[in-house]
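Order of writing sets the chain letters: A, B and C. Residues in each chain are counted from 1.
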Amino acid sequence: YTSSFWVFLWEKGYQETDSVVSSVTTKVKGVTMTNTSNLGTRIWDVADYVIPPQEKNAVFVMTNMIFTLNQSQSHCPELPDDNTECNNDSSCIPGYVSTHSNGIQTGACIPYNSSIKTCEIFAWCPVEDDYHIPKPAFLQEAENFTILVKNNIWYPKFNFSKRNILPSFNSTYLKNCIYDAQTDPFCPIFRLGKIVEAAGQNFQEMAVEGGVMGLQINWDCNLDRAASHCVPKYSFRRLDNKDSANTVSPGYNFRFAKYYKDSSGIETRTLIKAYGIRLDIIVFGKAGKFDVIPTMINIGSGLALFGVATVLCDIVVLYCMKKRYYYREKKYKYVEDYELGTSETYGTDS
Amino acid sequence: YTSSFWVFLWEKGYQETDSVVSSVTTKVKGVTMTNTSNLGTRIWDVADYVIPPQEKNAVFVMTNMIFTLNQSQSHCPELPDDNTECNNDSSCIPGYVSTHSNGIQTGACIPYNSSIKTCEIFAWCPVEDDYHIPKPAFLQEAENFTILVKNNIWYPKFNFSKRNILPSFNSTYLKNCIYDAQTDPFCPIFRLGKIVEAAGQNFQEMAVEGGVMGLQINWDCNLDRAASHCVPKYSFRRLDNKDSANTVSPGYNFRFAKYYKDSSGIETRTLIKAYGIRLDIIVFGKAGKFDVIPTMINIGSGLALFGVATVLCDIVVLYCMKKRYYYREKKYKYVEDYELGTSETYGTDS
Amino acid sequence: YTSSFWVFLWEKGYQETDSVVSSVTTKVKGVTMTNTSNLGTRIWDVADYVIPPQEKNAVFVMTNMIFTLNQSQSHCPELPDDNTECNNDSSCIPGYVSTHSNGIQTGACIPYNSSIKTCEIFAWCPVEDDYHIPKPAFLQEAENFTILVKNNIWYPKFNFSKRNILPSFNSTYLKNCIYDAQTDPFCPIFRLGKIVEAAGQNFQEMAVEGGVMGLQINWDCNLDRAASHCVPKYSFRRLDNKDSANTVSPGYNFRFAKYYKDSSGIETRTLIKAYGIRLDIIVFGKAGKFDVIPTMINIGSGLALFGVATVLCDIVVLYCMKKRYYYREKKYKYVEDYELGTSETYGTDS
């Protein structure tokens, strides 16, 4: 009985619950400079490294990339691998294309470099060579980029809504604070490096091949208490699989291109294989508030538990105890006994 | 007892429930013209103001923007603020970059305008000046844009699926109808202005700084009734926080760029800070259908409630009532009494 | 009683349950070549047909498109329809714009072609003519594109996480396998054509007008058993409505543009109306593990069911059975009987 009661209280059996409806917007800040042979000195800002520029409940920050400049539709040698290396045209099938090819074979076998020959393809040429991933990451300073996460939540049943920018904050605090589990647990601005670290990962490692991070916002609220007690709890996890062993395409990357047209109207593009950190913002939470219906239902099953005792008693008594004979008789032969009893009484009267 | 019964019926205790699986696609329609000094007369159509062109369960319509044309990687003065204004080079640190800077300081202090000097930076120049947001909104006519929302739902457990384009509609109606809570509550085409209005907001105000709107589609269905009774219920909310006071970056905006290459191969871009309305389409709903298992479970706890009566009775009787003595004796001393009784009877025989 | 017990076991009443937290990333592979009059021979790779390049829990593959090359902001005749066809300027209202128009009317009436005249508009000219959808689909070979779906799941309550790339796989298998319900039910690489087929659709048909496919990953796990028993179950559905009859804009398509600047700085764009297949990856699942609290609760309501028997018995006995008189008397007049009984006994003593 006590146990069931404990359940009742512990599980807040007297509350009606509702789950959260939420909206999330993010804003990344930070610039960094790179200096490479093929690009020269280049500055990178939000419009360059956040792709696509806006997403729902997520944001992608490019931390590493492989550039392939000035691609145009033409003919060039395929990347060398077991299937594409060749000695003469006979080993290249015109029109052949596989899942891993960059283009369609023309049937010719041409030199890829001084030592190797590969089948010629019609493709965006030159083809991308992603054998060597830049290490350290191209935009390693992304570690210091900050992400402002604006999250509004709503509990429809209770028409209770709140935001992760708490009313107690003033603008100056918000302009300068950085989330820290100890010192600033409610600051909605996160340092990218800290997020990764908080998930027990190494940012510079992760930046090279990319990955998916989960920023979890927990809004469990007991609305029987003051609204000011209903505050977000942030936690961080790496959502994709860390060990790159035994994985096809570890980390997180995708390809996109910027298209240009030269004066003669011929289309060229810059292909970018973007490695980076995708941050999924996952909002969960349950709000509870006293309500009579669940209370009754739970008291119901709670007391039913009490019933167990009774039932077990009977079973014990009926089938295990000595003296069960009398007891059982009493239990089942009742009405008849009574009759006999009464008839006798009549008898004594005469 | 009645109360528990009421719970049972009211809460549809006899039904198994399932939650909705849904897919949403959207299509925006509308064109508008603007006439400004730096852009001249310009027409805006879907491909221009919907960014990114397709999203899952969401769509963003740009309503206002700040253009920065012909940016190129070069040197220029930083925007003036407390940290960047300077009198001479000594107050600028080469390589310095903060969260709010647009580029990396070169160490020089150069005139920003006739009156102010700021630190020179290497960045996408000229840097964006977003101190003044166009007001009224640049694309204020977005108010008349329409959004077609196609929503298909599915209740896996009952293998019941339906769409928000009801079979009763004919094409001509769908081509011309506009959602209206009173006159056209089932038309899946929404006027952007009406959505904002229905949420109790002012469109023109919202268009300036942007915001996040929630279009909620509720599919609560009682599948014990005819499928035709299962229809969507639309409701509208503003999901982000309205009051722009005490908020870092109120409303909703993000930056993106269009990249160009001039004939000499130098990359330039047009940076656009896009303010606008993001519409999140939130589909919820629960379907219920008679099923024996929950029925039993609920009858169970329902009757358990009934049990309360009994239990209380006992408690009352045992500890409060006068005559409790006899009663309790009867309740617990039963078997023994019986024995005595019988033995006596034998005695009378002899 | 048995029934309630069956419920208890069948519904795993003794388990605490948790629902899944998941992250999904996708990677499309495949190239194809097209040969058309206005584009010439052209190769299409991932960067060309996946728009936007990355999405959360979804991916869009363009299978068909309508190109409108070299659009610029200028004047041209509107597409002919009931509202736009005209005989003279009087039937064109300057500044008129409707939901379906491509631009803003100038008020002039100009020849659209040799036979028809339509109102002149200021717009991105020439305007797109999407009356004729290419058939068969432009990128019909998308059927052979493959999609790698990487899915990591997590059950917070039990801190149990797993991925759809099972540990038993080796890299060579993953490089070459293709999902097949019979032969490779756990291979995370899907052939686009197979997905559509598995949903009972015709790919080539779907490719023309596009559509929305659901790839459902079910992670129902009984964590009382070995983790190796917790494996994903894939299923496929078409989420949008198939029959294009009685539908505004059937299938799935959207417009986007690539922007160019010619040497003279005038902006031109290529407008693309993209038809294609959007794949929504829907992850659901419930994990169960033995826990004492739900066990008690369920036993509770379970036994309560047992209570029904008793209650019904009483009702039957009290109001239907013959001899009810005695019985009822016994039931309610108990204490009094007893008194009388005892008093009599005393009497006999004297």
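Assume contacts are C-beta pairs under 8 Å (C-beta built on N, C-alpha and C of every residue); 3 or more make two chains touch, one makes a residue touch a chain.
Labels paired with UniProt names: A, B, C = P2X purinoceptor.
Keep in mind the model is a prediction, meaning the values are calculated, not measured.
Validating interface symmetry: for the copies subunit A and subunit C, is the fraction of residue numbers used by both over half? Same or different.
Under half of the interface numbering overlaps between copies: different.
Between subunit A and subunit B, how many degrees of rotation does a Cα superposition need? Round to steps of 5.
120
Using mean C-alpha positions as chain centres, tell me how far subunit A is from subunit C in Å, no decimals.
17
Where does subunit A touch two or more other chains at once, residue-wise?
In subunit A, the residues touching two or more other chains are 52, 55-56, 260, 263, 298, 300-304, 307.
Quick check: in the complex, which residue numbers of subunit C touch subunit B?
3-4, 7, 10-11, 51-52, 55-58, 60, 73, 97, 99-104, 122-124, 212, 214, 216, 237, 239-241, 246-249, 252, 254-257, 259-261, 263, 269, 271, 274, 278, 280, 282, 298, 300-305, 307-308, 311, 334-335, 338-339, 342
Please give the residue numbers of subunit C that touch subunit A in the complex, ascending.
Subunit C reaches subunit A through residues 21-23, 25, 27, 29-33, 41-43, 45-48, 50, 52-56, 146, 148, 150, 152, 154, 163, 165, 167, 169-171, 174-175, 258, 260, 262-263, 268, 293, 296-304, 306-307, 323, 326-327, 330.
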